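So that you can tell them apart, the chains are marked A, B, C and D in the order they are listed, and the count of residues begins at 1 in each.
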Amino acid sequence: MSYEHEIRVTWADCDPARIAYTGRIPNWALDAINGFWEDLLDGDGWYQMELDRNFGTPFVHMSIDFRSPVTPRHRLICEVVPVRLGTTSITFRVVGRQGGTLCFEGEFVNVFTQADVFRKAPPPADVREKIEAVLQPQPAQ
Amino acid sequence: MSYEHEIRVTWADCDPARIAYTGRIPNWALDAINGFWEDLLDGDGWYQMELDRNFGTPFVHMSIDFRSPVTPRHRLICEVVPVRLGTTSITFRVVGRQGGTLCFEGEFVNVFTQADVFRKAPPPADVREKIEAVLQPQPAQ
Amino acid sequence: MSYEHEIRVTWADCDPARIAYTGRIPNWALDAINGFWEDLLDGDGWYQMELDRNFGTPFVHMSIDFRSPVTPRHRLICEVVPVRLGTTSITFRVVGRQGGTLCFEGEFVNVFTQADVFRKAPPPADVREKIEAVLQPQPAQ
Amino acid sequence: MSYEHEIRVTWADCDPARIAYTGRIPNWALDAINGFWEDLLDGDGWYQMELDRNFGTPFVHMSIDFRSPVTPRHRLICEVVPVRLGTTSITFRVVGRQGGTLCFEGEFVNVFTQADVFRKAPPPADVREKIEAVLQPQPAQ
């Protein structure tokens, strides 16, 4: 039961090749990860995590393979899975599909910070617990 | 019964003042107008209108009043109403609200074109008919 | 001698009609206004105004007429002129041209705020003085 | 002598943490790669490559390490170096720095296509020659 995030791809996202511009795709993956947090934390995404819960998750790495063009012909479904959880870091795997076709897949690494001082720090205990409940460890690739 | 388009406002949309960056707002109004077309034309937005139906609706004017900041605290509901329909033009009123509070209101004017030649032209007859069925004429302001 | 801001229009900005997507244009006008401030205030744009000088300029209104498509064939030159200065507000006229052709023209109204409390307030005296030196009052349209 | 692309980072790019939003960074790397092509091909970027020269360079992979936050305090200088050239592919290394500090580094892989049929194809011979003249092969990492 992974979290799935739906994106409406539109004209606004497409370039003259009539497919979504490449630069849109990492942004959608990020939107999907934010959606994962909203889903996990009772509606709280990055904004509430930083401002209300005083922890942040800045990105230290992203890696994406683009498999098929994304178009406005279908909604884009982004599956988000936390695959590794360290003391002060988390790794997500995000897979984007349209009409069943694999469009992109990527890995995204965040570190946890105490937001008000922008310093690395373990996440709040209740957050760690909730992540552990949905973690799907995967063999390193 | 106006068309309402829901936007997930997130961290990604906010500037250091902790509210949505102004430049995001016209883009959301445009997304909402595209959503209006999808709703009116059985799922066909600007992309399908241009590529499958060979008509376009380039913008010739936009005017927006910003009434209250937009934040990630609520979904942003954009109400889209076609308020004037000329032979080769259409005017939309778009009103954005969050939790019942008016955030912005604007007027957007498009001309209809034959897409493959990028030339002004009346919209297809079936499209005109569908617009007329939802038109809510308003006194000029 | 108005401030002119140059924009590199690229593939990334274009939609399947092979012209810049409408939603990019208000963003460029905003970039140009930010550039005007950088030019006026020794390199300080909105970011430094808010964080270092403790005043902000949120938008209350924008109005744009789109005259010709914007394309990557030329740089886009945005001329920015402050045309009205009130006690707590400022109005800019922004005109975008490519290769001498008028592409868009618009009017943008900001209010001045004290940034840390997000409350309307007159701008710092030295800022007012610098604006007055470049103000080009225009008859209301 | 690598190509360097300058980005004006502004308020518009920053999130409530007062640093550039992560999703902006891959877009800047892409802008820089487009700038590399403009520099190599007498002003022709992706737009002119596709429309005038009938070849495209869709992305198949990107990988970015984020080393330090990007802010509006300095211009962002993106160094772009083609590091591998295959029969129908090219790999770029892009390194972003601000005031001498390393902000991010990444690798981007494109395939060459014949644009009008969107099919993999070697690049035009004159383009290959120009790339070879600036290629800086690097050991695989």
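Definition applied: a residue touches a chain if its C-beta (ideal position, glycine included) is under 8 Å from a C-beta of that chain, and two chains touch if they have at least 3 such contacts.
This structure is a prediction, so every number in the text was calculated from the model and none was measured.
Using mean Cα coordinates as chain centres, the one most removed from subunit C is A. When the interfaces B-C and A-B are ranked by how many C-beta pairs touch across them, B-C comes first. Subunit B and subunit C have centres, each the mean of its CA atoms, that are 23 Å apart.
Separation between the centroids of subunit A and subunit B, computed from CA atoms only, is 28 Å. Shown for subunit B are the residues in touch with two or more other chains, namely 11-12, 14, 16, 18, 23, 27, 30, 47, 50-51. Residues 8, 10-12, 14, 18, 27, 30-31, 34-35, 45-48, 50-51, 71-72 of subunit A are the ones touching subunit B in the complex.
Here subunit B touches subunit C in the complex through residues 16-17, 22-23, 26-27, 30, 47, 50-51, 56, 58-66, 69, 115, 118, going by the rule given at the top.
Across the complex, subunit D is touched by residues 11-12, 14-16, 18, 21, 23 of subunit B.
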